[in-house]
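Structure first, commentary second.
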Amino acid sequence: MIIQLIVDRLKQLIPALLGVALVTFLLVHLIPGDPVALLAGDRASPETIAAVKTRYGLDQPIVVQLFYYLKNIAMGDLGQSLRFRIPVTELILQHLWPTALLMIMTILITIPCAIILAALAASHQDRPLDHAIRAFSVAGIAIPVFWIGIVLARIFSVQLGWFPVAGFGEGLWDNVYHLVLPSITLAIGIVPVLARNLRASLLEMMEADFVTAARSKGVPESYIFKRHVFMNALIPNLQLFGVIVAFLFGGTIVVEKVFAIPGIGQLLISSILGRDYYVVLGLTFFFAVFTMLVMLIVDLVSMLIDPRLRS
Amino acid sequence: MSDEHKIAIRVRDVSITFPTEDGPVTAVKNVSFDIRENEFFGIVGESGSGKSTVCRAITRLLPDRAEVTGEITVHAQKMLEMDLDRLRDIRGNGISMIFQNPSSHLNPLMTIGDQISETARFHYKRNREELNELAVSTLKDVRFSNPEGQVNAYPHQLSGGMKQRAMIGAALACDSKIIIADEPTTALDVTVQAEILDLLIKLRQERGLTIIIISHDLGVISQLCDRIAVMKDGELIEQGRTEEVILSPKEDYTRTLIASRPEAIRLHNSAWKGEPTESGNPVLAVNRASIYFGGQGRNAVVKAVEDVSFDVMRGDIVGVVGESGSGKSTIVRAMINLNTLSSGEILYDGRDVRNFKGAERVNFLRKVQMIFQHPQESLDPRFSIEQCIMEPLKLHKIVPKDRIASRVRELMEMVELSPDLLTRRPRDISGGQAQRVCIARALAMEPEVIIADEITSALDVTIQAQILRLLTRLKEQMGLTIVFVTHDLDVVRTFCNRVVVMQIGKLIETGTPQQIFETSSHDYTRRLVAAIPHLPQGLSQSETA
Amino acid sequence: MNYAFRKMLFAATVAISSAPNIASADGVSISIAVAENPQQLDPMRSANAPDILLHGQLYARLLHRDSTGALSPGLAESWTISEDGKTYVFTLRDAVFADGSPITAEDVVFSLDRTLNHPESAYPAPLSAIESLEAKDAKTVSIALKSPNAPFLGNLEVFNASIVSKTDVEARGEEEAFAKPLSSGAFMVDSWDRNSSIQLVKNPKYYRDGAPNLDSIEYRIVEDANTRVSLLKAGEVNAVEGVPYANIAELRDAGFEVPLEASTKTQIILMNHDNPPFDDVRVRQAAVMALDRVAIAKAVTQGLVTEVANSSLPGALNFHSQDDAALPYDPAQAKALLEDAGAVGAEVTIIQVSGSQVSQQIALLTQALWSQVGLNAKIEQLDSAAFRTRRKTERDDWHAAPAWYYNETLDPDLAVRWAVCGTCGSNAFHTGYRNETVDTLTEEALSETDVAKRAELYAEIQQISTNEVVHIPLYYPPFTNAYASDVEGLFMTPAFQWTLEEAKRK
Amino acid sequence: MNALAIPMRAVRQLPGLFIVGFVITFAWIAVAILAPVLAPYDPDAIAFDALLTAPSPDHLMGTDQLGRDIFSRVLYGARVDLFMGVVGLIVPLVIGVFLGLLSGYFVGWTDTIIMRALDITIAFPFLVLVLAIVAVLGPGLSSYFVALALVAWVPYARLVRGQVKLIKQTDFIAATTSLGFGSTYTLIRHVLPNCIVPALVFAVTDFVLIILYGSSLGFLGMGAQPPTAEWGVMIADGQTYLSTAWWISFFPGLALLTLGVGAALLGDGTAKLMRVER
């Protein structure tokens, strides 16, 4: 059953990737600005720029470039970065780890917080605590991520010095230490969304018939909440969680700029600004594959929990 | 205790009110009754009578905001004053409950084995193997065919009947002596209902249980219970031995309840011979019709209707009867192209219904009107009643613009509804009233044929009786032909003059009600007829109009 | 390629932390936060500021310029110049590349020739006077010029006159050779994490004994200026390139040094002479007179720079004449000139690089001041790539653009060719300004050997171009780098180079 | 199915939060409309003599690095941001609802196209796609709106498509077919009114996100063109002066926060009012 799901998803992935490749390739080439002019610098003569362009094959018509690009992808070669002249895959891999760690830490902060807030709000429905949590969640959604980042950095890094201001550091623990503030910044944006929906599902499940049935069997409330209410409330929220994780990339771009984290969000921005076509394409591929992967994992986990999906 | 049997449950002057935005609503007004040890006690009443609310109060399963006054004792223990731990001890381990809709009362994510052993787990703290053994033995007690295999099944893999048995198992896992069954068989097909009722009777003997049965179906209650209580609008208006209450009811309401049962009401006037018209060509002819769903992708083909043929003669009332999944709704919906036939044909006055296009299609649809099961759901929630009825009149220009308003009032009178309902919204009127609006809307099209798809199944028995009387009167007044789809055989027996019996997409037999109910040769039909719960003998022909 | 692809199928927890394996933390090291991404370590292939900063540290040149700016012998121990000033003969000192291989005349010829003649050379201008190069023997190089060229010696110290190893480049090929270059300068590349940081370590075999004092340098690329300031204040870096003017006072109060080193930079507003109304000199003069350039300088630099640029050439260059050719702030006169030219109410477009605070402030101030004299300006923000393409090729879509330029050497020749001369290949810094006298004077000044005569020639060039408003000169901005107190002897020279050779930790 | 009905409960029972949200949002709308009257100064007027002055009686929120009055810029900024929120909302809403209706009601090629478009747009993180499109069309609000029109319609299409599929199975749509009504008539008269509600509720919450994204673009240097006063750009510009002139970033940030909270509460309230979700 699971292999079937994976095969379906892969079948879905191929056309989507092709669509993504086409759209991005045209989009990136339409952006005004010439990468080679940027590379050679202002003082380079037109002849020099023309010479460099021929070497990279950028003087070919777009359609020819697209053809070669698609041919190379088929063989797994995502091309070379125009700016750094190293394979795109290598460049992405170099920058993948900071963003991956940032997302992992953000998720590790988001899940428990969202669950605790949702559970508290649901159990104290329409009482002061519920309103407080709802107000916080509304505020969380309304504050721009970069504003949170700047303020947190100002207070906790510069003034109090508890955390490093920016950068990524050396070695795992130093990396984690550097990413504490950035992941909190990101989590503040996401926890409210997840908490609000989880609260809604929890309230719905607390009224479910099988809860009354369990109560009629003398089963204690804590067990009912854990085994009956929470598990059933989880399923619709897994989908939402998948969307949020895929959505997280937008947030990482901004946070990486504020905290100068050398992740793929920063790489994407500098590649777009530097018109480093193949890096932008490689990254969009990566995002597409990553989003599909996240959706797949969410489906697998849902199947694990819900037997109805397994049949 | 005063009389010979010990009292199991004593309910004294219990009243229950719920605070709502528009002020407190009293659902139960000082109800009192006693239930003796090992007795089958039935509580009957229509929706909103408070019957299940009072029973849920016994084990305090009502939501916290409910205010319960009065006194409830189980085996001399005061339930309302009991502390929570003591209460939790008794629940499931002294007094258990069974509910109406088994699929929503079982956690879809847990195996039925776990949900049964769950009860014991918190009362006796057994280890895994012992709990598993308990689950298997309980499944055996509730007549599961292969307990060892099915203990790990999930609710969605079981049929309605099996799920109900699992729920009964869960209630009995810790040898509870008192079972409160809240409409245990209402959601089940009549044959499955019969099996569950038999099971309850056997379990009562095997385990010496005291059982309270709550139901709106007088037949189910009278077949099972030693003593009955009748509730109306939150009050317990009558209680006593079953025969006394049924044969000589003291209250008028009880009498109307008994009189409203299909087998009791006289629908057709004396001219109605009830003989189906044999000759002449049929207004609707179903020839070897089959309807298959699915088929693409991995899911297998579902054969909803397989090679079914029958005729509907003008002026007849044809009852299409069968259990859920028999395909009865699917085939009638194909008559107006709501479903597409996979093979075969349906003719209206000799022409294939699929060939009507453009203006012809509208004329055909005006002639053949369909009414649906859920009245509130068949009316656009954002329309007023007037708009609902007026819409077909305006769109098809059935009457000139200036006469629309008066025509709408005429239609309202025809279905016995007062005009001041016109400004209301569908959700602000009762189920019965909504169904009458649907009938009025259908009549606006001036049809020849009415297809009624389970139109009374969602209504209380008293309201069902009124709708059937209305339909009979309209049929005679306007010479309608009616195709009446239902799972309730009693209704077919008294209302229809031709019957079509279907099972899992196939046609079993057709004939007059008399042939089907008395002389049928098919064992499925006979099993269906036998499963109908009846009132005690010597009563069914009472003369009340 | 497929091994790279296999690496792509990463597991999230795999720590492919290619965090730079910085040379052992022991030894003296400093960390510098820079604003832009170095991309190209081949001195021949890039003339961008961030690359130049590194070329200066990685490669030695024939001559050496110390922190005071004075020229002294570099790899060339001594040299002779012929009577007609057209033949230079250099004798190399015994110096070696970082791998111990000797730096020979062959390497010098190879390096200078590829910068001069390679089709993809980014900026051959400084060596354009060379006629021919010849390696007499292992230690002697003779260079013949087309004509006497006063600034030639200085030009041999410029970044793209860096000496690379011929054998190494030919053996490893250009890509490999310049991914991790064989250094002839004070430092060599230890590791390079593209787009995030570069680790340099001391070149033990550097020909100037005793230099450099530092064992390693960490270049951290931090594009956001405010984050750079925070890093410095939190003590995570020792030096920061280009802090915003607004933070200078605050940093100085907190004990950091902001020396505002002199630079050859000049902050200007480019004018597009091909696009009416700025094709008319009167309108350009009106545009200058409409601007209260003192107020603009004060507003943008928070009062740190108060004198206004007096000419179209950087103030720090040699032969700079002090007389103020720039037109004074006179809105009334500006209005009159616009009426003459019939350009009152003209619509103009100012294009500006998004993300740069200084250029945005200048654009906004200019827009406001021009509107007071009847010149209606619209501001269009573009990212750097789009800005450069618009400025160079889409010439009818812009009229003015805040910009700045600088000159590697103190000799004005390259600056004149870049910013003022119409026929020297840069289209007078994309303005489209053409003035035959200026163009001929530029060539004369280059070959003029008499210092006094050169001064007159450049003064005249300055006078004409400033009066004809080749562009609007605003002010001569200093460098705004900031340093922690525990660093000594580190600053940026007018030639846009860090004095990392002399820098020390306190 | 009662979730579809729209119970206009008496105002008395409106949840408190809804009223707070309503008041804040419409206060800002009023501010935006009355900006020219309320603003003491021209938002773009440069004052060389009043650079970076702290909040004072004549400059309630102080001035920025060009001497422009922050209070006036915040008022005018309300115009830009509200305009951005509303316009950035309506276009995708209309496109999304329209395509959602088509793909939900007429299963067939419209459905496949929309599903494929869904796959591609999901594959892109929203901000990445917007960045790419804005980069192509050049920074500025107009290209942000084009980007939104191209991308932001997808969640609406999906929501409406789901609702339509739900409504199609109800008896009252079967009744319209049996009453011989045409499919376009049924679509407009019966299906659309009943599935527009959840889309509208989502739109109100989306309103906040659109403003945040617009301001994030400003922060990344691709947002509103100078000299327009847009809160995101003002926050980004003021970041440099955070320690010396905190008021430049603080007040637009506060404005963005209050408008965001107001709109979010309004969204929450309307959802409760429509009893779409608890």
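Points worth noting:
By written order: A, B, C and D. Residues from 1 in each chain.
Here, contacts are C-beta pairs under 8 Å (C-beta built on N, C-alpha and C of every residue); 3 or more make two chains touch, one makes a residue touch a chain.
Keep in mind that what you see is a predicted model, and the values were worked out from it rather than measured.
Graph distance from subunit B to subunit D, where chains that touch are one step apart, equals 1. A summary of chain positions shows that the Cα centroid lying nearest the centre of all protein Cα atoms is that of chain A. Mean C-alpha positions place subunit B and subunit C at a centre distance of 88 Å.
Averaging C-alpha coordinates per chain places the centre of subunit C 45 Å away from that of subunit D. The distance from the centre of subunit A to the centre of subunit C, each centre being the mean of the chain's C-alpha atoms, comes to 38 Å.
Averaging Cα coordinates per chain places subunit A and subunit D 22 Å apart.
Multi-chain contact residues of subunit A (touching two or more other chains): 31-32, 150, 154, 257. Within subunit D, residues 135, 138, 239, 242-243 each touch two or more of the remaining chains.
Within subunit B, not a single residue touches two or more of the remaining chains. Within the complex formed with subunit D, the residues of subunit C that make contact are 225-226, 244, 246-247, 249-250, 292, 295, 298-299, 302, 352, 354-355, 357, 360-361, 363-365, 367-368, 379-383, 386. Within the complex formed with subunit C, the subunit A residues making contact are 31-35, 37-45, 47-48, 51-52, 55, 75-78, 81, 83-87, 89-97, 100, 104, 150, 153-154, 157-158, 161, 164-172, 175, 257-260, 262, 266-267, 270, 273-275. Residues 21, 333, 336-338, 361-362, 365-366, 369-370, 372-374, 376-382, 391-392, 395-396, 425, 427, 438, 441, 445 of subunit B are the ones touching subunit D in the complex. Those residues of subunit D whose C-beta lies close enough to touch subunit C in the complex are 44-46, 48, 51-52, 65-67, 135, 138-140, 221-222, 225-227, 237, 239-245. By the touch rule above, subunit D contacts subunit A in their complex via residues 17, 116, 119-120, 122-128, 131-133, 135-136, 138, 205, 208-209, 212-213, 215-216, 219-220, 232, 235-236, 239, 242-243, 249, 253, 256-257, 259-261, 263-265, 268, 277-278.
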